[in-house]
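So that you can tell them apart, the chains are marked A, B, C, D and E in the order they are listed, and the count of residues begins at 1 in each.
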Amino acid sequence: FTNEPTGGTVTLGFNVPQSGPYADEGADELRAYELAVEHLNGEGDGGMLNTFSSKALGGNGIMGKKVAYVTGDTQTKSDAARASAKSMIEKDGAIMITGGSSSGVAVAVQGLCQEAGVIFMAGLTHSNDTTGKDKKANGFRHFFNAYMSAAALAPVLEKLYGSDRAAYHLTADYTWGWTQQESIQAATEALGWTTVNNVLTPLAATDFSSYIAPVLNSGADVLVLNHYGGNMVNSLTNAVQFGLREKQVNGKNFEIVVPLYSELMAKGAGQNIKGIVGSQNWDWKLSDEGTAAFVKSFGTKYGFPPSQAAQTCYAQTLLYADAVERAGSFNPCAVGEALAGFEFDGLGNGKTLYRADDHQCFKDVLVVKGAEDPQDEFHLVEIVEVTPVDQVTYDPEHPMFAGGALGECNPGA
Amino acid sequence: MGILEVKNVNKRFGGLQALGDVNLSVAENSVHAIIGPNGAGKSTLLNCLVGKLIPDTGSVMFDGQSVLGRTPYEINQMGISRVFQTPEIFGDLTVMENMMIPCFAKRDGAFKLNVIRSVEGQGDIRDRAEAMLVDMNMADKRHMHAASMSRGDKRRLEIGMCLAQQPRLLLLDEPTAGMARADTNNTIDLLKQIKASRDITIVIIEHDMHVVFSLAQRITVLAQGTPLVEDVPEKIKGHPKVREAYLGESTPA
Amino acid sequence: MLGIKGKDLTLLGVVAVLALCAPFILNPFPQDSAMAQFNAGYPDLMQRFVIFGIFAVGFNILFGLTGYLSFGHAAFLGVGSYSAVWMFKLLSMNVIPAIILSVIVAGLFALLIGFISLRRSGIYFSILTLAFAQMSFNLAYSVLTPITNGETGLQLSLDDPRVLGTSVSDTGGIPVTNLFGLEMRETTTMYFGDWAFQFSNGYYFCAVLLLVSFYISIRIFRSPFGLMLRAVKSNQTRLNYTGLNTRPYTLAAFVISGMYAGLAGGLLASMDPLAGAERMQWTASGEVVLMTILGGAGTLIGPVLGAGFIKYFENIFSKINDNVLHQWFGGLPEGLENGLVWVAEHFVGSGWHLTLGLLFMLVVTFLPGGLVEGGTRIGRLIRGKTRRADEKSAQSKPAE
Amino acid sequence: MNVKPDFNKGKNYAESAPAFLSVWNMESYYGESYIVQNISFNVHEGEILALLGRNGAGKTTTLRSIARMNAPQVTGGEIWLDHQPLHKMASYEASRAGIGLVPEDRAIIPGLTVEENLQLAQIAPPVGWSLERLYELFPRLGERRKQEGVTLSGGEQQMLAIARALARDIKVLLLDEPYEGLAPVIVDEIEKTLRIIKEQGITTILVEQNAVRALELADRAVILDTGTIVFDGAAAEVLGNEELRSEYLAI
Amino acid sequence: MEAILLQILNGLDKGSAYALIALGLTLIFGTLGVVNFAHGALFMIGAFCAVTVQKVLTLSKITLDPTKTDFLGNPAQIKTPYVESWFGPDIGAALIDWSVPLAILFAIPIMLLIGVIMERGLIKHFYRRPHADQILVTFGLAIVLQELIKHYFGANQIATPAPDAFRGSFDFGAMLGMDPNVVIYPYWRLVYFAFAAVIIGAVFAFLQFTTFGMVVRAGMADRETVGLLGINIDKRFTIMFGLAAAVAGMAGVMYAPINSPNYHIGMDFLVLSFVVVVVGGMGSLPGAVLAGFLLGILESFASMNEIKSIIPGIDQIIIYLAAIIILLTRPRGLMGRKGVMEE
């Protein structure tokens, strides 16, 4: 199989955005990867190795081989990401690729890994398509997805804002935006909300005022921002500038919802984020022992708590290593088999399942809110609710995920 | 009927009437000079002939065909070549290459997608350009960068380039301005020689009366955009109005 | 030979040797040495070198010869890629029809855009091409998603119809691009002691096309057509008054360089069957401009050097992380090691852009003619200072 | 034979009268081409020096070198104007020291009116003739003061260029082919002007292809050939020297 | 009707941003003949002046509070900004609140300095070089500046709010007698618009009515001749560059509250502002301003739902489409002069 490790080391490829708008997330991912490698090689305090329910890993590398790694820059472009991944595979002999920060990139790199015959641990990607119509046998996703965000958010939204609401959507015009919008619209309409409008905005837009300006007069009383990163920071800032949050429409307070949240975005949006609801994959303030162990080793090493990006990437590295140990082989097909249907706990998300049908991970989802009065710059987000996994689970044949095929695993040359 | 017929041409620049009702007829195979004070509109008139400017009214016929509404390259392809008042040459190319381009234009017309053969291989073009350089007394400068020549040399090169096209009508806008006396004389001889060896009509604008009187068969004096007189050189020389408005007292004969 | 001679033939020969021996030349360091990071001899990067070399060579036909600075050439590259991927999806995994279609479609696209943009010159032309390319990019990125698959990029899938060929390979995967059965991704590795050299079919296919492209570009440079293009750059007025219509010349140059871009795009897709919209973005158009200027606009070999230079930094420098740095400086005392790593890490890994930016500035400031001029200067240094004296005496000869 | 002029002792190498502008062993290059090849000559206060020679002889290059333009590069020699070392100056400093150049292409500044072109010359010290005085000398310019400079006819542009030089307080006027392209009447007029300027005590170097006219006006002449000086003497001497006339001037 | 008024307002505001950036760009472009790809970076640095001032004002004294713990279980740190402890909590808080306007004062000298250093150290060697070389070197510089900012401030956006007094919006519609909440406009954008108008007016007056302006205009057309007239044009070009940098910087400072800045903000604006400059006509200041507003308003209109439903995706291409149409119908853009940058 491709890049079978023969010497005393095994090489992993960490392909993260080092430039472009997601570079900060990329940097945090990289920190987590380095930490994971440290722990796998038995250095440091072991982090979540100690809390992981599977005990196959012994801190002596993977199957006795020391873990080495290479890093690359995806530039948040499918092209560059694939080039970078290719060089990891061709030049450095990487046996597994992980990372990324955009669904487009993840889908593109996943396709490459499938063809090259290596395992892809998806990292940050939230579009339904990654494990929906674009799923691949060699690819696995630990992160949650747009459907899950919507499913987790809906009950909270109902509780907070009632079931008689009219929503106006602004949506980033690409795969993640579309699936996010579709999901949240379906979930809120099920509550009885109506959807006034859905406006697609160019990904490159930086000033959203012309999209925000007509919202107040449209009859909507909720604005859903299906935006991420800079898009979200800017559209939210614009919305607040236009005074949307102080207005009353239909006799109710006007509200803004941001389905996909992150601490880094909260930082960019500053005060504007206060009280705004959204969902997260994980948060360092969770109280389980896996989280505590991870936050401790990450915080000690870097001086600040990890982001959800870091936790996702850390967990995926451990999961891959563990699967190799359990399979007793680096062969991607064996690893894939070990991962498919694997159920575990102790990595910070509670009980978790890698579903065999689509390689999507199922676990609890957090609903969070911008803190009203943050005690320091690490407490910008507070947890509103931990939505149990059952509530966000869907059928593999759900229409939002249908189409595409997992295909066969490919061990490569 | 002359080969070039200009009828009632008017041209205004904003408030300035640069040309007012210009009529001009140039006989085939003659040398016709246009003289006149600075700013009289001589260059403007030439511009109207080659498509650089479009007259506001009037007509310009070359060999029975109107040149108005045609692009400069079409007009050139009809057989009209022009030397500019400030030299227009290919500064980035060598003198030889400068000379080859009009030869290509003559042979291939306005456009030919000639990507396969090499310039080196075009013996006929090379020979013609070489011959022209010899005629212009510039053969030793053939590898020089055209931009780095002195002004007089640039002007000679430009004349050579126009002659290389073997035009039927050659328009010269102060061809010997700034040229050393020796080269001025050479140019006069060259023009005479070409005139003698084949059919060509020349319209020349010049302030150097030595050149004008050596070459011209007829002279039009332009003043403030309108022709003042038109006559043979001898008559012009003595014309009182012309002396006053243009020649001055110290004109060498 | 081949209708070219002298220096040009030598140059072609040098490029041929370099291209054929690239797997050796680019992998000068033993596999496990600390310097192995600098090896660039793996298929993907070698392919990129030659493909972007083709792109830049074509761009140079327009920019280097006519001086028309197109800021939208990436659009043709992108169009070429999309055409090729569609060919793979619909017709066959053979690269030949895909590449032919790429070149044709890019050529037609260039004809359309060139026809309109060439009505203007100078910066106005640049902005027109930029506007067209950005429009194409935005359309590809979202509006035309059914054709381009938006941000993700157009990929092959298991249910492509593929008239001449199968949708799914025997092993259940997506079939591989090939040249009449010769798989593009197939790579043979040769070991010499600690050294490993990779020979990839795909690379050699691209390299042959680079040689052909380069050869054609030499012919164009030396042809009457090339002379006319240089005349366009030098003085359009004179050209017009010499009876030549500049528009078809510039348009032909534009289309030819668009076809080169299409070929490059088609090859990119043939090596890795994905067409991302970003490759049409202005930054991508800017990149080929930078490659050409950096290497030496208007020179034959410059663009290829420039392309290699930029791609090397993008792919090699971005992958050096502090882990690697610690390895390099590992032998030194701790304090010194950390100091050096701290300094170096600003310039590599995520700092690779910084290094690239600095190099742009240095090269263009000190070598106005680009890398080629650097080469010339070194050559002159070696040959000594005798030249200048010669020139002096030549100049002082009487002019007439 | 070339001795560095010694201003302090009021002596110099070629003439007994003190040199006002002295060019000493000057060498100029365009890139790698050696154009002006080690030339030396003197100009005396108040005289008109005709600088003659064929096309490409290096006349323009010499003037530009004296005016300290960016190109050509002067690589050797010294230029002294009234005890000031011009060779150490940038062009704007040379202008302040008293050099006024009327370049061969006249260099009227586009986008500026006639009057603005003149005003521009009076921004930096030292200021010369007033605008009124200039308009008196060139009434045609006065009539066209609001017109954009570059739309003037050739002769008018020439006048403007000379007027612009006079608008500064200059010690030496460098004229590069001022008669080129001008109608004979205008040439007469400009010649008259040059005489007036001479009466003001301004020293002039005149480059001109119309050698006879130039020599009639000038006190002294220098003839250049391929970058070297082949004659340096009284103007009348050239007119009387058949050999010089035919060899270098073809007159 | 209201929708149109709303979009015009929006366009004005976007237009002022475009116009301000394009103004500086065309100043350098038009006066010095330099294609400055680093101009966006200057705008970005301006925005980061605002960030820096905010950071400096919020520099805090750290005390440990044993009653609370931080995320690692250590005693929590309590931060009090120095300005609050020095000037008292009220004045201190007000200073922090007004950090963006204060940053203007800080940005002007900084940007002038940066501009002067840039011109003296780099740009001046490129006046006589081809535009392509200028593009390469300034693009290189832009990358370097950008990477430096990224290195010190990170890649994420940094919130830089406007003073509290300018938060929220102003109900234009209600003022004109329409229903409330129909035509609203944020206060800070009004400020931005007014600010842009003042700067644009000042620059115009400066170039048109001062001798300095005339010299610079002359120097741009023919620097050699201007030198012949005894004028040290280099010095003036340096000042001009400093000014253009200051304009870009101020535009950046004031823009920070509208969009939280990140290191990339300059590049995002760069291409668009080039389009604006060229559509306006090379070297024409009024052209740049006109084109800025025109394209800003067009962009606003194109993002109206009513229009998008007729032509899908029009909002993504409108600027480029408009640019193409304008350049094809008006050869030198809206107000370009003949011969500038046409070779």
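As a working rule, a contact is a pair of C-beta atoms (placed from the backbone, for glycine too) under 8 Å apart; a residue touches a chain by one contact, two chains touch by 3 or more.
Quick caveat, the model's predicted, so the values are computed rather than measured.
Common neighbours of chain C and chain D (chains touching each): B, E. Using mean Cα coordinates as chain centres, the one most removed from chain D is A. More contacting C-beta pairs link the chains of A-C than the other of the two pairs A-C and D-E. Chain centres were defined as the mean of their Cα atoms; on that basis the chain farthest from chain B turns out to be A.
In this assembly, the C-alpha centroid of chain B lies 30 Å from the C-alpha centroid of chain D. Separation between the centroids of chain A and chain E, computed from CA atoms only, is 34 Å.
Computed from the mean C-alpha positions, the centre of chain A lies at a distance of 77 Å from the centre of chain D. Across the assembly, chain A contributes residues 19, 23, 26-27, 173, 202, 204 that each touch 2 or more other chains. For chain C, the set of residues that touch two or more other chains comprises 138, 141-142, 353, 399-400. Those residues of chain D that touch chain B in the shared complex are 30-31, 33, 53-57, 60, 104-105, 151-156, 177, 180-188, 209, 211, 249-251.
Against chain D, in their complex, chain E makes its touches with residues 128, 211, 214-215, 217-218, 221-222, 224-233, 337, 339. Against chain C, the residues of chain E that register as touching in their complex are 35, 122, 125, 129, 131-133, 135-137, 139-144, 146-148, 151, 271, 274-275, 278-279, 282, 312-313, 316-317, 319-321, 323-324, 327-328, 331-333, 336, 341-343.
The residues of chain B lying in touch with chain C in their complex are 50, 71-73, 76-77, 81-82, 84, 88-93, 97, 100-102, 104-106, 108-120, 122, 125, 137, 140-141, 161, 165. Those residues of chain A that touch chain C in the shared complex are 18-19, 23, 26-27, 30, 34, 69-73, 77-80, 82-84, 86-88, 90-92, 102-104, 107-108, 111-112, 114-115, 129, 134, 173-175, 200, 202-204, 404-405, 407-408, 410.
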